[in-house]
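Take a look at the following structure, please.
Chain naming follows the written order as A, B, C and D, and within any one chain the residues start at number 1.
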Amino acid sequence: MLRVGLLGAGRIGRIHGGNVAAHPKAQLVAVADAVLEASQTIAAETNATVATIDGIIDDDKIDAVLICTPTDMHADLIERAAKAGKAVFCEKPVDLAADRIRACLRVVEDAGTPLMIGFNRRFDPNFAALKRRLVEGEVGAIEIVTVISRDPAPPPVDYVKRSGGLFRDMMIHDLDMAAFLLGEDPVEVYAVGSALVDKAIGEAGDVDTAAVILKTASGKIAQISNSRRAAYGYDQRIEVHGSKGMIRAGNVHETTVESATATGFRADPVQNFFLERYAAAYRLELDAFLGAVADGKAPDPSGADGLRAQILADAATESAQSGRPVRVG
Amino acid sequence: MLRVGLLGAGRIGRIHGGNVAAHPKAQLVAVADAVLEASQTIAAETNATVATIDGIIDDDKIDAVLICTPTDMHADLIERAAKAGKAVFCEKPVDLAADRIRACLRVVEDAGTPLMIGFNRRFDPNFAALKRRLVEGEVGAIEIVTVISRDPAPPPVDYVKRSGGLFRDMMIHDLDMAAFLLGEDPVEVYAVGSALVDKAIGEAGDVDTAAVILKTASGKIAQISNSRRAAYGYDQRIEVHGSKGMIRAGNVHETTVESATATGFRADPVQNFFLERYAAAYRLELDAFLGAVADGKAPDPSGADGLRAQILADAATESAQSGRPVRVG
Amino acid sequence: MLRVGLLGAGRIGRIHGGNVAAHPKAQLVAVADAVLEASQTIAAETNATVATIDGIIDDDKIDAVLICTPTDMHADLIERAAKAGKAVFCEKPVDLAADRIRACLRVVEDAGTPLMIGFNRRFDPNFAALKRRLVEGEVGAIEIVTVISRDPAPPPVDYVKRSGGLFRDMMIHDLDMAAFLLGEDPVEVYAVGSALVDKAIGEAGDVDTAAVILKTASGKIAQISNSRRAAYGYDQRIEVHGSKGMIRAGNVHETTVESATATGFRADPVQNFFLERYAAAYRLELDAFLGAVADGKAPDPSGADGLRAQILADAATESAQSGRPVRVG
Amino acid sequence: MLRVGLLGAGRIGRIHGGNVAAHPKAQLVAVADAVLEASQTIAAETNATVATIDGIIDDDKIDAVLICTPTDMHADLIERAAKAGKAVFCEKPVDLAADRIRACLRVVEDAGTPLMIGFNRRFDPNFAALKRRLVEGEVGAIEIVTVISRDPAPPPVDYVKRSGGLFRDMMIHDLDMAAFLLGEDPVEVYAVGSALVDKAIGEAGDVDTAAVILKTASGKIAQISNSRRAAYGYDQRIEVHGSKGMIRAGNVHETTVESATATGFRADPVQNFFLERYAAAYRLELDAFLGAVADGKAPDPSGADGLRAQILADAATESAQSGRPVRVG
């Protein structure tokens, strides 16, 4: 029975805490958050105790921690927990600065403790099945990866200002997915972005509509497009074109109901809320982390995956600002 | 070059006449209709001459005739044309009375001339592909056949009164399709019907909504449902369930366009007009007739198929009226 | 906090027990089963105690019981629990004999206690959404209901022999669904059945392939077809045709992945196992029961719904055997 | 009755010639080709006469010409026909050099004669319906255009060498489509390309797999991806994301048949051959040309559209070679 502590009791911490509590091989023992009420809520739901961050990190009986705090605490907490000998699951991103991530990963490497980064979409049953079939060779050699990712509605401008920008905040998931599906690191990044959804986002120096082309050393190509707004729900699609064909994973509609009237056939919008759309992914992600820790295997996605995605997001940000492609790696 | 005469220059005659005229191995030489203008229109479109029915039947240079007249003339014209040694393509039904069909088929048999009945849907490329794959064994032994057929809008009550009723006028196509797909003649027919679309249809003694169960000697089952009205277009679907799986052919939408907005995903209505929906079927049907005649092969669907469908339609009519299943064959 | 006892700790008891244990407003306090190990397993998973059936029924602190025992114990246990003042949720069917159900319902009526029957499919989110939109009038007046229900694989012949036959064991769900969707009680039932899947089922006096037509007093029509085997998964579809259009709820595929290669486009089989396919339905069903009991409202589907479905299943059985339609109600 | 001459009797000339011959308001009077047999074949099919190019251009009774010759003759023939006062329909591209196109368009402008360029995909009923609904505002302001275009199989390397390269030969259609859908001229083009399908294409200095990002002055974005090989058929898809939702037009499958077996659900490959996939588009394109000429309206797509597409294709070629985005317009 793995004993787990939760650092950060916000929306995503609650998801992970609940998944630990429901897991047959793990136990959520303690929850810490700057907001006492938040940790109390999760503790009550999961039979965990309320604790402080220090208390959890110093507790020798705790095997693993989940870091779900604000981004600017991630790297410090990873380092402290690793030095305390704990396995760490940390929400993406490790840090908004690639150099800080590099330093953090060196600390973890020295500590020899497991670290997993929360690229939850890799664990979505649809995307995971697609990846498995890709590896099995169903469509042959990979040639073009297409990722379409559109949020239902833009975040508040205040959030946007602290977010690091669309490429680091939103597209980072798609950059990880593209690299994951390509099976080869991109070496060149070209990005364009516009503020078409909300003028205030543009005035805050960010974009809300963007497209990226990635290219690998062997010539494989990935295309990503993002929008901060989709009237029909949370649009999440991937497609891979290969030498023997094509494979894609589509959206999840609210129900399978379809009606047909004089105006045509109508199907439901797609699931609108990321916590609903990726509920199974969050559960399977935690299961993969707990399983890797229990089995003494290196968790995947690793800290290096977190670094790669951040480097790609930095490159995309720079490219969109400079108007020129940026080489990476 | 097969020389063809057209008897009946209405809506369906015009389709067949045009298809003959465009066929590389046939020539439409003459058109006859009680309404002179109708035959003149088609003649002008196809470089055929205007003629009389007698003139066409007596013309030794004409190899084949297409009978597209009102139903009550079908059997007589088939007999006269057969006796004159001509190959005959006749629109369904041969006659509204099964005994009259039997007598007619005897005349044709004596004449030894080819006769094909216009069950056009067998030639729809989708349905024909399904049938071919069924015969190839893709879904194993046939167990349940489902036919859904709904017209876009009910016909005028005046038409209904002369039509022989829904089972003989509309469902006859689906009864032929069901028997064609079953690959075995039904031996029992149970039918229910209601007038739910148009009260006047009920007052005229007919129904506009109906369902039928057919059963064969070996226990295979077919289900058919009909409605005289479908708000979303001309609904034409077939499905066959077998020991190894299921195969179906769906509707043809007006375009492949799909939009997604706050109310969901919207696809086009299905093609609304039978002459558009089955345009390819009419063309391929004529091609099959002309090819069979040219090659000296027996055309398919045959007169016996026309008789079987009529017997099934009669049985369904009787069953819906009596409330009891009716044995056939 | 509703205190709930579970009678019967088999496969379905385990599902319901787990759903009670996870429910925020209920507590699973005791589990009874003839097989001690079975009740111990569920008790361990849910923090309930192991008890006897008598112990649970006699326990004044238990508010409600879930009856998940073999069918032949259902009616007796319903009566005993009702007399003991408990709310009862009972798996379908109440009994294989309609008269026994009638007697049982009188006892419940006298006791004045709530009774809900487990027609779980009504709570499937897809089917429930379809029903809601039907009631809201999206497709106008209801005219034709189509239910297609095919199991992935036939049960063992031993099970078939004790099952009451396909119409009572399998189609009863579809008969309830058809009546539920029609919104009007059927008055006539015609059924055909064959043993096409497994000869041994036929030798045991049952069928494995069947079709039914139901008709209501106002002329609405329902069609149901069943097969005990579908190579591509657990096939569960409903469709309602109405005066303004059509509405349907389709199957749930294992994933949204679709590949395209030289042989065409390939999508996943549909979910194969009924406990997976209807996992949400079981959860929502229990929630509806617990909610109704907590709010003092009559649970739905009621005992009368259980009786109606049984009467329809009896009528279908009789019709398939006699070859004649059977009037009900 | 418009009198039309056909210059070039290859594969595409035969399509256009046939469409003119079948058009109610036009007549194909003469066909010219360097290969006599080719022009004889079409002449025989359409009742046209065999002529020379000079003969057709000098024939005062011919109102319009269709230029379907090799690309290097296009601009000269457009100029000669325009000077002879004829309406001209010319297959894309006008020329592989943008400056030559500019000079040609000045000649046409001086002549004051109509010129239409054969971007046939705009006339595909699916894409045309999408465009119409876009203009009607169904998805609001246009933000992201996505075009996916994949050929079934790569052309021979000899063809590739003379083709001007993938961007000018294949993607030019998608560049026109993207600009057409954006409703605003792109001002920046970034392209990447690889030879992943056929090494020999790479050795010939061309690519067979490519992606492009276009950006307009107002910040709208278009993404195009191309492959010279798709195992599942001729893949032709467009999607537009806007402020109110998304609209897309999908592929056309060979039939609507779908089977379901133990390995899942299988639908047909998409139509494989461009002449089949775009048969309706070619017919409607000719109809638009003939209608514009008859009504004295400017045909659309115009010579300026041909020039724009060529400039975009040149920019994409340059970008893929230099690795830098290229500004246009």
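Convention: a residue touches a chain if its C-beta (ideal position, glycine included) is under 8 Å from a C-beta of that chain, and two chains touch if they have at least 3 such contacts.
Protein identities per chain, from UniProt: A, B, C, D = Inositol 2-dehydrogenase.
All values derive from a computational prediction rather than experimental measurement.
With steps allowed only between chains in touch, the distance from subunit B (Inositol 2-dehydrogenase) over to subunit D (Inositol 2-dehydrogenase) comes to 1.
By number of C-beta pairs in contact, A-D leads over the other of A-D and C-D. Each chain gets a centre from the mean of its Cα atoms; the one farthest from the centre of subunit B (Inositol 2-dehydrogenase) is A.
Mean C-alpha position of subunit A (Inositol 2-dehydrogenase) lies 41 Å from that of subunit D (Inositol 2-dehydrogenase).
Rounded to whole angstrom, the centroid-to-centroid distance between subunit C (Inositol 2-dehydrogenase) and subunit D (Inositol 2-dehydrogenase), based on C-alpha atoms, equals 57 Å. The multi-chain contact residues of subunit A (Inositol 2-dehydrogenase), meaning those touching 2 or more other chains, are 230-232, 244-246, 260-262, 268.
Across the interface of their complex, subunit C (Inositol 2-dehydrogenase) is touched by residues 230-233, 253, 260-270 of subunit D (Inositol 2-dehydrogenase). For subunit A (Inositol 2-dehydrogenase) in complex with subunit D (Inositol 2-dehydrogenase), the residues that touch the partner chain are 141, 143-144, 146, 148, 150, 188, 190, 192, 194-197, 209-211, 213, 215, 218-221, 223, 225, 227, 229-232, 235, 241, 243-246, 323-325. Residues 125-126, 129-130, 133, 138-139, 244-252, 254-262, 268 of subunit D (Inositol 2-dehydrogenase) are the ones that touch subunit B (Inositol 2-dehydrogenase) when the two sit in their complex.
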